[in-house]
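Two complexes follow with chain A in common, the first pairing it with chain B and the second with chain C.
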Partner chain A sequence: MLRDAALIAGKDLRVELRSQVTTQQVAPFAVLVLILFGVALDPDRGILARASSGLFWVAVLFCALLAIQRAFTIESADGGRDALRLSGLDPAGIFLGKAAAIALQLAALEVVLAVGVVIMYGAEVTGAPLLIATCVAATAGLAAAGTLYGVLAAGLRVRETLLPILLLPVLAPVLIGATKSFEAALGGVASDGWPWCGLLVAFALTYLAVGTLAFGTLMEEPS
Partner chain B sequence: MEPVVHLRGAVTLLGRFPALAGIDLDVAAGEIVLLRGPNGAGKTTLLRCCAGLLPVARGRAVVLGHDLTDRGEARELRRQVGLLGHATGLYDELTVADNVRFWGRAAGATDDAVRTAMSSCGVDGRLADLLVARLSAGQRRRTALACLVARRPRLWLLDEPHAGLDQGGRDLLDELARTAVGAGATVLLSSHELDRAEALADRVVTLVGGTTDGNPQPSPAPTPTQEPVLAP
Partner chain C sequence: MTAPHAVGSGPSGSTSSGATRVLGGLSLAGLALLLGYALVWSPADRTQRDSVRLMYVHVPSAIVAFAACALTTVAAAMWLRRRTEGWWVLGGASAEVGLVFTALTLVTGSIWGRPTWGTYWDWDPRITSTSLLFVMLVGYLALRRIDNEAGDAAQRGTRGAIVGLLLFPNVVVVHYSVDWWRSLHQTATITRLDPTIEGTMLFTLMLGIVVFGLIFAWLLVHRFRVGWLEERVEHAGLDDALRARRAEAGVVAGLGGGTA
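So, the complex of A and B:
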């Protein structure tokens, strides 16, 4: 399973390296979202600094939708989905590989967004360990849930519009937990954030487990 | 000896529509069987069924010893078959070599086997480093064929395999199919290019309206089974 996961993750990351979609489209989009939030909330640095946690994770969520859409668009072109089903790869390995590739892309985008939030919104980091733990747990949860719903929507004709509708409510706990945890890490009391980080870990583990078990069934065509 | 493909009254539904409405077919190991019939006769559906991609709703369907009415067994079957269909399953953003290496490794092929497959399909050299998005239709088909060869399937399922290939590509495809059969594989193909396909096939089965009604059922010829090994 892990060999298959590594194979899929390597392939997806190579596709992204060659196509440069993440660096040339998604990352600029993420920065643009931060700028628009800044403009919308007026250059009142006080409000921006206080809202920076929520704005950061909303931007991450938007980027995650793009990354997930992209991860399954490359599989739906030219019979890729059938080819994957015929490949003999373990479906759990495919799930973990795709989730890992999405998570790595999101992690890179989060670094860009974090720098943007510090520079543009004047956010102050007071709890770096909590910040990093939150990013790791939330990213794993976003990637796992996104991969699970991504394959669900990929078999449908209206997948581009359906995926956000399906996925955003599911990801609400990640948005809430990560925002609360970030608030504690950005100028708050770090100990207040760890329970929220625990929630994110539980979310990620749940979706990783469900995805590992259910991905094979979801890849099949409805009979 | 048990046939590689054994179908009796096999029915497959696409929605509520019976795309296969009772197929009787036996294919022995080492045979090359051509499916012919008008558009919509069920050739592609039958090939996808034999690949384990579509469920068989009724009847008996056993391919390489796997009962296709059982979803779990159908999934097990897939790693032993190679399907070259209208879609190629290639990633446009990857090079030819990346694609063949990925699909080969997915099936457990070594780097040597991947190189041999690329060489035997004429997609080595400069072509190997080209992005698939920049290939012509014929080069795409050759690359997809290389992916199939690298996987070393026991059952080749070829859906209109000659389409998009030039004369050299068609000759190459026929030669690779014969080589695979010589090494113990079995080939089931559909084609509208009947002259060429009939010359390649040992036997022709006609599909009409999702059935094989009217075809005599041959008794499968016993042939020794062995692991397919493809020479370059």
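So, the complex of A and C:
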């Protein structure tokens, strides 16, 4: 299963590396979102610095939607979905592989966004370990839930519009937990953030388990 | 789950039967009684005054909304196990009626919030999680519509069912995380209901819950039967089309045989 996961993750990341969609389109979009927040919320009144954790995670959610759509669009071309089904790879492995590829891309985007938040919004990092732990846990949760709901919407005519409405309400706990945890890590008291980090870990583990179990059935869906 | 035999048996093809008429009658009578208790016989609250009367609608509709959500999840689980049309139709019916009650909960809550809290929308954990429930139900119903286009129950995918299955657990997780989030920096704790609610007020609230439960059941049965009839129409349409194509094929084959 893990070998299959590594294969799929390697394949997805190679596709991204060669097509450069993440680096040339999604990452600039992430920065653009930060600039737009800056324009929308008056930069002089200190709102940006206070709201930087929340804005950071909202930007991550938007980017995650793009990354998830992208992960399943590459399968829909040239009958990739059928090929995956015929490949004999363990469905659980495919799920974990796709989730891992999405997670790695999101992690890279989060680094870009974090630098952006620190430079443009003047956020101050006071708890680096908490910051990193939050990113890891939240990204795992986003990728796991995103892959599960992504395959649900994949192949449908209305997938671009359906995925956000299915996925974003489900991700509300991640947004809450990650924002609270970040608030503690950016100028707050770090010990306040760890319980929220625990919530993120629990969310990620739950969705990894559900996805591993349910992905086989969903892969068999006619699209 | 087996087919409801009485469906469409009446001359008008109505979805009502003896049982639903009784249920409907009880619902309406209960509603009249509830109105009497809520507006006339129960006293006004000491702090909330007359706006407390809205609670007799708001709390029952919230309970029914969350129960409907749980029923949808049960129906999705049963459909995944049994793959019988009944559970499929029940999941949709319950989500749809549940959506109405969720909307009612949000609207009555807002109207009640205005005189009590001074604002239509407060970022109270319950409002936040109820509004997220609303969006989740809308998403689930949108996905079901797509599944329905895929054809009959045998070809229908498991997409909608998986989302339905995750509906209630998600609502619970969202509810608790929102609760935790708000409890940390809430400036003033507002007790929504008088903690020592008793007497006529308690009775009215209980009556409201029973009456709304009846209304939910009544609407659910009707919606279920409409859904069931929709499935039948789809089958009938497919069978007709098949018969027509076969007849055409027969004619063509006959012509072909004649000229050969």
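What we mean here is this: the second predicted complex is superposed on the first by the 219 of 223 C-alpha atoms of A that agree within 3 Å, B and C clash if a C-alpha of one lies under 4 Å from a C-alpha of the other, contacts with A are read in each partner's own complex, and residues count from 1 in each chain.
To be clear about the criterion, contacts are C-beta pairs under 8 Å (C-beta built on N, C-alpha and C of every residue); 3 or more make two chains touch, one makes a residue touch a chain.
What you see is a predicted model, and the numbers here were worked out from it, not measured in a lab.
**Q** A:Val170 in the overlay: touching chain B, chain C, both, or neither? Say first, second, both or neither.
**A** second
**Q** If we overlay the two complexes on their shared chain A, which of chain B and chain C does A:Leu152 touch? Say first, second, both or neither.
**A** Second partner only, chain C.
**Q** Given the touch rule stated above, what does A:Glu160 touch, chain B (first), chain C (second), both, or neither?
**A** neither
**Q** Answer with first, second, both or neither: which of chain B and chain C does A:Glu124 touch in the superposed model?
**A** The answer is neither, since A:Glu124 touches no partner chain.
**Q** Which holds for A:Leu7: it touches chain B only (first), chain C only (second), both, or neither?
**A** first
**Q** Which parts of chain A are in contact with chain B and also with chain C?
**A** Chain A residues touching both partners: 221.
**Q** For the complex, give me every residue of chain A touching chain B.
**A** 4, 7, 11, 14-15, 18-19, 74, 77-80, 82-89, 216, 220-221, 223
**Q** Quick check on the complex: what are the chain A residues that touch chain C?
**A** That would be residues 148-149, 152-153, 156, 158, 162, 165-166, 168-170, 172-173, 176-177, 180, 199, 203, 206, 210, 214, 217-218, 221-222 of chain A.
**Q** Chain A touches which residues of chain B in the complex?
**A** Against chain A, chain B makes touches at 13, 48, 51-55, 57, 71, 75, 78-79, 81-83, 85-94, 98, 102-103, 105-108, 131.
**Q** Give the list of chain C residues in touch with chain A in this complex.
**A** Against chain A, chain C makes touches at 132, 135-136, 138-140, 142-143, 146, 150, 155, 157-159, 162-163, 166, 170, 173-174, 177-178, 180-181, 184.
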